[in-house]
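Each of the next two complexes has subunit A plus one other chain: subunit B in the first, subunit C in the second.
For the complex of A and B:
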């Protein structure tokens, strides 16, 4: 193609630098947010004002900031649940199902100790057990696609999606219409944890932030410094070549899905059992499952890099909480955060191209 | 009992039409895992157009058109840009999920038009889906253009050498495939369940995708699978009809999803794939570069 005397050529990239990846990622987010601006325009809101409202609520407002942080922790955990399989070339879109399973298991422990009716439970035992149960519940949910992928090469996208729906309805069964976890209010929501099982805040944040940060360091270490991390990456780059190098595909797929599920289970525990004002599986638990899909966005932008996922989780935690807020304040339609999710995703898909090709401008020699 | 079967067949129509679309695309070598997204677009746009204009025909046309546009987008990503088709398909799904949740929200609720005519409860679209399956089977296996389309999905380089335009064939197939998905969504939103609600397809697109693997890329086997799943869906909605008082209605709702996983696992066993696996288009999912 020729434009104004320049020859434009595409060159295939064999690799790209970290800086290049960062610039492209930021560019992708900017382009997507620019396009979402048209949605603001269409709704009769000045995009600059809309974004100003979103950002000031999400990152300055004293009501908004804790909300942003809670969501950021949640999204970071969901992102890790997504990128573990992603680094192995597998798709985990079952974070929603895994986090419901984790939440159900955690509340199941509280239920077993009678916390639904009796406020005096031995918190020192029950609280750690709840966390372990959340991890086990999410992990079991992840074990299913991992086993099926490893043993039969069953399509993990369809399996994890089906499990999302299964877990969604099982949760409904547990908390609605006389289900065992139903709260006393009769509003179709789960029972509330007694005060003894409501962990306090640490510097204004749920203690689960330490899980998120610890996991960031752990995953960074695993991916870069350990043999299993190498095996996961090798399998993701080329399953056939990895098999020659002695990587066991069964082991890798079970491991990444179980570990992903464990982390998603923690995300469920985090939002439903440590965030002030909740401490129960709410009626609209499905919204949190939908929010988990932002983990896919963070994972794709960060290219599976745990450390790079942190700013992204904070950004999207803020954009979604702020989006919800402006929707009410500026009388936008419901679901600006959903629209943003869709636009971001498709722009990322388009940007894949730039990760593989470099556009080269060359001055054409005049004839 | 008649009622049950009629509802089942009506539900199967939507699986059939969407999965037929996916078969066409996959036969040409392009996998679209975003069936659900294309269907959500078709369903939401057709619903809005029909509700605003009061005209069913315009609704269906809009649903089909938006489906074809989504197909065009997928073809652009997968054929021209040559990206990973799974990533592109996931993009289509999340775009559909996110954007339709926003676009459709002001139209939440029933359609408010007189129901489309039915023959003793059976939707005319069921008959149309039978004809469509037969037509697509005939096209794929008995006509010259159908042979060309399949050759593009099996071995694009050889097809190109023998004078077939691979890029054009894939574009046309994927757009037609998207149009059928949009149509399937329109049938759902305008005929089967004319009440808009956010994400109201509840995974039907993913079941349709699973049905394509189940069908061995054959429209007639697909038809059988769709009717089976249509019936399962009805059992899960009205368990009292067959098996009263075993589970709560919520547990029954998990039923079709559990069966989908079981069927998918059976299909991916060695026993099954060694028997049937040859039907898989050779070049499925691979970008083609000259």
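For the complex of A and C:
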């Protein structure tokens, strides 16, 4: 390609280091934020002011910070749901479906104990059962792509995507007017958990934060120190070599998808059943499914590292909560959080490309 | 196509010269001030132990790797390669140690792929004619519309050669060209190379561990040891012994002592085994044999006659269609590969990079491939990092794997060193049954000797060994019994000590008659 007398060429890089990868990932985030700045400009807002608003709301404001952290917990869990299969070389795009399934199962337990109408349920039994049900629901949802992949080598991306749609509509059916989980207001929302099933806060945070932190440590340990973690990574790095070494591909794909689904199910429980102000499957539950896609970005940027996912989950939790806030405050006509999601995706893909290639500019001798 | 005028170049002119080439990797110097030149019309062999820096040097000449120091002159002009494309434009082509073709594409597509002059619109017809003409010249019988995955190793290599020539290569670099070829394919390759040097002044630096091959075709030899040039000779002055000594830095024995061991009870019994390959063809047909304690059972055959599917079926990586496999008297026909490892089968696969190792894993984690399932190294599911590291360090030292430390990635090991690592990993488990599929492929003379001795040691210790090899000399030297394999069947099972080279060779080629006459 020739531009203004310069010859532009793509050269394939022969090698790159882990550090390079980390620097590039951070750079990608910075560039994406810079580009989103233009969207602010377009809307007649000074980008500096826009970001200042976002960050101060997300990380300083006393209303914003809990929101940021609740989202961060949610995102971290979704990231783990993505990372587990990712380390085995498999793609879980189904966090949304898995978290809906988890939420439905949890609320299903509450429903079965009559919590929709009767506030006096034995919380000591129902609450743990709800958590287990959320895990089981998400896990079952993950079992489907895991089994299909392990048995028939079906494309897991397609399967998880389809399951997202199915779970989305099943959820809609359950909470809509006339649906079994319909709330008393009947405005397309699920029923609200009675006070006895609303877990209290600890230092202002839902107890699910311990799940997220515990899982970080657990996954870090599993990946680096355990046999099963080794099998997962070996299979991800080279399926043929792993098979040769005796790793069972069926076991690995079922395991990572079920475990991923269980964690996504917890994410659903976390947001819908422990965050103050909700305690129900809300009308806009679809937004949380969309938010789950940030888990893919966190997972890709952290390159499957659980510990590195924490700051990313907090950053994106903050950007999305702050984004929502400025959208209202500055009266922007679009969802800045989704704009950011889109731009980030594209920039990441582009950076992956430059990661492997190097652009060379060479002055052409003019004739 | 070429950017230079060939008619100015006379036979024997220096056309490529490298001066003071140095390349450092963390912890080692792969090339240490290497001076090297290629003359028009010569076959110039580059020799050296595993890890001596041959591939590195050639990758630098082809623009794949940038040297830290040194200069390269092509046709007397200083060049600075930024990528292989620059090298290709100057008429340098490379046929790699590992094939780099697109399996699902046709021969022609692969040849055209990445051609510097490929515009958006391709004149397929003309291209096909040009390529067909090249095929004629070298007497290559290739169907240009065949998909590459249908081809044998030798044919794939032909495609790579054609690809380089079609791009206008005048200097053709071949990395270990004979290491994955069957004997007739090797013969064909050598003929091709001779035609090239005569007709076209195409120049062929040639890297190989097979000393007889070096002596039979090349005019000059450069020997590398630990990154340095230690000898530069005219081939007619060289002998096999001399070259081996220069490479390794010590005398190398070329004759192996066949160890006599009391043959014990049968370890592996195979009864009427049939196996399908991935194309759904019957690749192994009704094969029966047994391998005993303290015995090396050699399968001699040209690659692609069913050895690979047979080995995979025995290792639990491929289903047996019919028949039975027994280990120490109990049936294992349907056991998984993990269960077979645990029962004491050790498989050394022929594809070192794709199957035998994980390139992005460290040497420790590669050693772990044969240890992670062992409770001694992995208690209650938690890997004993200290223990496995100690084992890896011990094995790397014992087998002489050249690497700065055990944390380097396996993909950075040279071909021969990687093979040593795989052997170390498998043999250290002291398997009851060793399935060695081309165990000395790509190894230098010293390492080959080392590996063969390791197999003999295992035999002495009472292991049963199934040796699969294309190297007739190797099979004859090591085996107690020999089965020549042809088109999925054993042609016969001969006692090793008495088997005659000619008879085994004929049987390998599917000629039974000759054997019967004798």
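Here is the rule we go by: the second predicted complex is superposed on the first by the 331 of 367 C-alpha atoms of A that agree within 3 Å, B and C clash if a C-alpha of one lies under 4 Å from a C-alpha of the other, contacts with A are read in each partner's own complex, and residues count from 1 in each chain.
The rule is simple: a residue touches a chain if its C-beta (ideal position, glycine included) is under 8 Å from a C-beta of that chain, and two chains touch if they have at least 3 such contacts.
Note that the coordinates shown come from a computational prediction; the quantities given were computed from them, not determined experimentally.
Superposition of the two structures on subunit A leads subunit B and subunit C into a clash.
Within the superposed three-chain model, A:246 lies in touch with subunit C and out of touch with subunit B [touch as defined at top]. When the two structures are aligned on the shared chain, A:343 is found in touch with subunit B, with no touch to subunit C. Of the two partner chains placed around the shared chain by superposition, subunit C is the only one that A:225 touches, whereas subunit B remains out of contact. Contact with subunit B, but none with subunit C, is seen for A:157 once the two complexes are overlaid on the shared chain.
Contact with subunit C, but none with subunit B, is seen for A:234 once the two complexes are overlaid on the shared chain. By the document's definition of touching, neither partner reaches A:197: not subunit B, not subunit C. Between subunit B and subunit C, B touches the greater number of residues of subunit A.
Superposing the two complexes on chain A places one region of subunit B into the space of subunit C, and among 59-67, 149-157 or 221-229 that region is 149-157.
Against subunit C, in their complex, subunit A makes its touches with residues 11-12, 14, 225-228, 230-231, 233-234, 237-238, 240-248, 360. By the touch criterion given at the top, residues 64-66, 82-83, 85, 315, 317, 336-338, 340-341, 347, 349, 351, 354-361, 365, 368-370, 372-373, 378, 381-383, 385 of subunit C touch subunit A in their complex.
The touching residues of subunit A, counted against subunit B in their complex, run 39, 91, 93, 144, 148, 152-155, 157-159, 161-166, 169-170, 172-173, 176-177, 179, 290, 293, 296, 300, 333-336, 338-343, 345-346, 348-350, 352-353, 356.
Partner subunit A is touched in their complex by these residues of subunit B: 33, 73, 77, 81, 83-84, 86-88, 90-92, 94-99, 101-103, 105-106, 198-199, 202-203, 206, 209-210, 213, 248, 250-251, 253-254, 257-258, 260-261, 264-265, 268-269.
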